[in-house]
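In what follows, subunit A forms one complex with subunit B and a second complex with subunit C.
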Partner chain A sequence: MTAPSAPAGAASAAPAAPPPPAKKSPPRPRRRLPGGDALLGTGGVLAFLLIWEIVPRTPLVSADYLPPASEVLATLAERTATAKFWTAVGDTLAAWGLGLAIAVGAAVLLGFAIGTVPVLRAYTASTVEFLRPIPSVALIPLAILIYGTDIASTLMLVIYAAFWQVYVQVLYGVADIDPVADQTARAYGLGRWARIRHLIWPTALPYLITGVRLGAAVALILTITAQLTIGSPGLGQEIAVAQSSGAPDVVYALIVATGILGVAVNTGVRALERRVLRWHPSVRGEAAV
Partner chain B sequence: MPRRLLTGACAVLLAVGASACGGSDTETTEGGLTKITVGAIPIVDVAPLHLGIDQGYFETQGLEVEVKNTSGGAQAVPGVVSGDFDFAFGNVTSLLVARDSGLPVQTVANGVSSTGKEGEDFGAIVVPEGSDIKSAKDLAGAKVAVNNLKNIGDTTVRNSVRTDGGDPSNIQFTELPFPDMPAALEKKEVDAAWVVEPFLTTALDGGATEIASNFVDAHEQLTVAVYFTTEETAKKDPELVEKFVTAMNHSLSYAESNPEEVRRILGTYTEMDQQLIEDIRLPAFPPDSSIDSVQTIGDMMKEDGLIKEDPQVSELFPGRA
Partner chain C sequence: MLDVTGLRKIYRGGDREVEAVRDLTFSLADGELACLVGPSGCGKTTLLKCISGLMRPTSGTVRVDGREVTGPPPGMAVVFQEYGRSLFPWLTVQDNVELPLKEKRLPKARRKKLVTESLEAVGLGHAASAHPWELSGGMQQRVAIARAIAYEPSVLLMDEPFAAVDAQTRADLEDLVRGLWKRFSMTVLFVTHDIDEAVYLGGRVLVLSSSPTVVQDDVEIDLGDERDQLSTRSEPRFAELRARVYAEIQNAKQGAAAGGAGR
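Up next is the complex of A and B:
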């Protein structure tokens, strides 16, 4: 069976890739574009750092509360030489990774189980719509009550937040089956498992990956939030300690570190997406550019 | 299915969190030490705990202490009640509120006390540079920042205003984290703030003026915070509590008589700048709590409506009051 065509949801959520160029277009513009993007991106970061460097030296903000970029980056460099920093990064990544993995696993299982049975789907729709918008942060008191200040309370928040991102995507993905392909599969006598393997799975996969990408970012946000407010170990807790010590340079250095972690996480999931969906038109188009 | 989904999610969470759900059963290390967990907010106030560990006072008692950072009493109390911490550091107001709502917490050792010296305490009411507010009574009708509403800050600020002959009824208290207070004062976003170290020093360096020492106004030897546990732990394992108390009292005495050691240890568990560590005013660390001062605070809390019943001071300090 051929792969289904690009679902609308996946296409819009896929990276804003320029339309695939016509075949045999001259190679020059193709090569210049990515290089140009990288240059622009670097320029943007530099401009941001320059503004950050200048603003604390003006009366707008006191350097006591917002240290200039150079000072913060120097503090960050100092930090990266300490074992404590890397332990915190490790704790943060462990909570993030474990939480995301559990959320994705549960979302895939439940998404496929419920999504493929219309009755179940209709039966659960309103409950899902009720539970989904509850902000994970609102569950912090509950998490502390049940799990104390350990990693488990962080996990509860991370899983809750990331689960819905992935689950809803999987539901949409499962619902996006091309009816002609479905009927063809049935006509050829494919069973439930064969249809899941050869039809539903490839259809839902782009949605799932989109969900993972959304979930990965949300999971990182919640990991840091939980560590910051609950005090479970990791970068978030280090930020809280620095804040209560009146050390703004350390606070900002650690914030920059979480930002870098966010970029790394997004890049990682994008790489995964390209690998898993290399057969998919949205990725093939991007790769050709 | 909602049930199915929830049970599924709970099962997963339970599997993950099972280890965290246990009670306060203590473990023993290979060296024969009993492992205990103490919840403490990483600020100046808990320096004796860190210093005592550093000096080996807990090890002498056969204890291996793991300090878990909390963000304050709001997490320390549930942490102790759920058995996550064997002991924790919490301020007396939070503990009296906890007792008032039926949580069985009890004090085991003193935590931190006011220095009792006007103008030389580790917390103070400060006003921005050039403010018209000259003393506590001028705070009537002003916007005053405290770190938590309905806690020791607003209660003692009201008391300072009353003591100074002002009317505290129309003070507008606003919640602001301590770290944000120096900036808020500098920008004159608030008329006054109750601020503690190290942010008191930062605020004063930024031009703010100290107008009252609210802890000193409340009581000449105010006990601000203590180490506590649950009645269950105290009853079930009195030996463990005894060991902790002995070590803690050694630590407090050592900290009280060696301020330079307190400043040294601050550099290890906080992120405070070396200069700031040298500049701040240290609190007092007497091994004994002043029950009388806790009663005073409790009475003020009742008057301000923070607790419904009479303060349970003797329950919080069993055998002491």
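Up next is the complex of A and C:
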């Protein structure tokens, strides 16, 4: 992800009262203006664009390899006026969304089934630890062998990469049941399904959302990677085409587009998090302001 | 109403055995409010888990209303010490109170009535739609008590419920428990490590020995039914009873030390 997606909200929204001035202490933290972080973030992006604009006009980098920002953004604007661009965006989002949805669904089902049964969990732990670190890109040849350049090969990579992110979080979440809460549920006659629904699911939800956030980012990376290398349709493929036809400004424009997509995805999941986890300490601190 | 007979619990871990409870026998009559005190680490938690059906004893039986406890009994509600962990933060106050009633499959109108009544009974009618974490500790424990009485239990177990609240809140909650006990005519077993609290609240105080636990003493508290934080606690009889329970607990500790040295 790019810089603007950094989690800025959490720190800024809870304004701590400034501590009483102490003698010879380091300068006390300034009380930040509301929305100050957003202003700073925008300033940072503008500064970055400015440097990008200037550097290609100096002898440092040739403009053939790094067209100035204005040129790239103009190309991007041009592209967004074409149907082809939006088809590519749609293909990328479709592969990303479908892959992520399947990965999340499978991770939730397996995570709950295996996580709530200690024997199964112990039985599968070593296998998971072996499979999890395998980089998804190492499966590219295998994916091509099985599915060719079909969207299925992209999906295979995306699902494999995103699944572990979510699955491991769900396992942690399911294991995080408070013993007192569990005893309460049992004492008040909640059966297995009622406990899964009213206790285990809400307990695991913050972990699941974290998993979805990590998984969403990884899924986007893998979607673009698969389109670049396998050549299934989408932004990744467009980048490869632009590169082979010697159009660096288009390459950069499309890269910027994928970056914006990444920021949008992260923002979306964060919004979902705030909505679903209003009760959670990490969110309610923000809500209380 | 509540009969504990020959209860024994041995924890087995590998080749090590720990006898937490040796031989506990006592009965609570219908509508009785009894307090259970004992030195720390005397197996109170083990006993409560066995009574509430969360744990099976090694031997002996627990009967509620004549029926042997093999799992959580339907007519029993429990109030835990750790209210913050016992209430579900993702549910509002009224949803926390209502959840066990849903599991009992009570009709909606009946559930609503019970939730409203019990929240009003603990003085939290106004906080129904708040989340537990928006309330103070004492208020949270009131919610847990409301959840327990909405369940319409014949037996209410309270596991050191006021150990984590401040002294003033504690006095209020003690009076609340006595008020609710009279109003809803439940059998209440109140576990505490606080001798004053046990004598003030109970119609009877059971003193437990150190682990492995037996009932050390069974003290009738003849302070009358109307009790008041100021006048009851300053009665000479209160001081006498308090002294007796205190002495028994000291005995229990020393007995354990002597027994330990002898072995």
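Please note the rule applied: the second predicted complex is superposed on the first by the 254 of 289 C-alpha atoms of A that agree within 3 Å, B and C clash if a C-alpha of one lies under 4 Å from a C-alpha of the other, contacts with A are read in each partner's own complex, and residues count from 1 in each chain.
Following the convention adopted for this analysis, contacts are C-beta pairs under 8 Å (C-beta built on N, C-alpha and C of every residue); 3 or more make two chains touch, one makes a residue touch a chain.
From a predicted model like this one, the values you see are computed outputs, not experimental measurements.
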Legend entry - Joint occupancy of subunit A by subunit B and subunit C, clash or fit: fit
Inset, instruction - Once the structures are superposed on A, label A:G246 by its partner contacts, choosing first (subunit B), second (subunit C), both or neither. - result: first
Inset, instruction - Name the contact category of A:V180: first (subunit B only), second (subunit C only), both, or neither. - result: second
Inset, instruction - Mind working out whether A:W86 is in touch with subunit B, subunit C, both or neither, as first, second, both or neither? - result: neither
Inset, instruction - Pick one for A:D150: touches subunit B only (first), subunit C only (second), both, or neither. - result: first
Inset, instruction - Mind working out whether A:I159 is in touch with subunit B, subunit C, both or neither, as first, second, both or neither? - result: first
Inset, instruction - Would you sort A:S62 into first (subunit B), second (subunit C), both or neither based on which partner it touches? - result: first
Inset, instruction - For A:L190, decide between first (touching subunit B), second (touching subunit C), both and neither. - result: second
Inset, instruction - Kindly classify A:A106 by the partners it touches after superposition: subunit B alone (first), subunit C alone (second), both, or neither? - result: first
Inset, instruction - Look at A:H198 in the shared chain and tell me whether it touches subunit B only, subunit C only, both, or neither; answer first, second, both or neither. - result: second
Inset, instruction - Identify which of subunit B and subunit C touches the larger number of residues of subunit A. - result: B
Legend entry - Superposition-derived minimum Cα distance between subunit C and subunit B (Å): 28
Inset, instruction - Once the two structures are superposed, pull the subunit A residues common to the subunit B and subunit C interfaces. - result: none
Legend entry - Contacting residues of subunit A [partner subunit C, same complex]: 178, 180-181, 183-184, 186-191, 194, 198-199, 202, 205, 279-281, 284
Legend entry - subunit A contact footprint on subunit C (complex, rising order): 49, 52-54, 72, 74, 76-78, 80, 82, 85-86, 88-91, 99-100, 103-104, 131, 133, 147, 151
Inset, instruction - Under the touch definition given earlier, write down the residues of subunit A that touch subunit B in their complex. - result: 62, 64-65, 98, 102, 106, 109-110, 114, 120, 123-124, 127, 131, 144-153, 155-156, 159-160, 163, 229-231, 237, 240-247, 250
Legend entry - In the complex, subunit B residues that touch subunit A: 1-2, 5, 8-9, 12-13, 16-17, 19-21, 39, 41-43, 68-71, 75, 78-79, 82-85, 177-179, 182-183, 186, 198-199, 202, 206, 269-273, 276
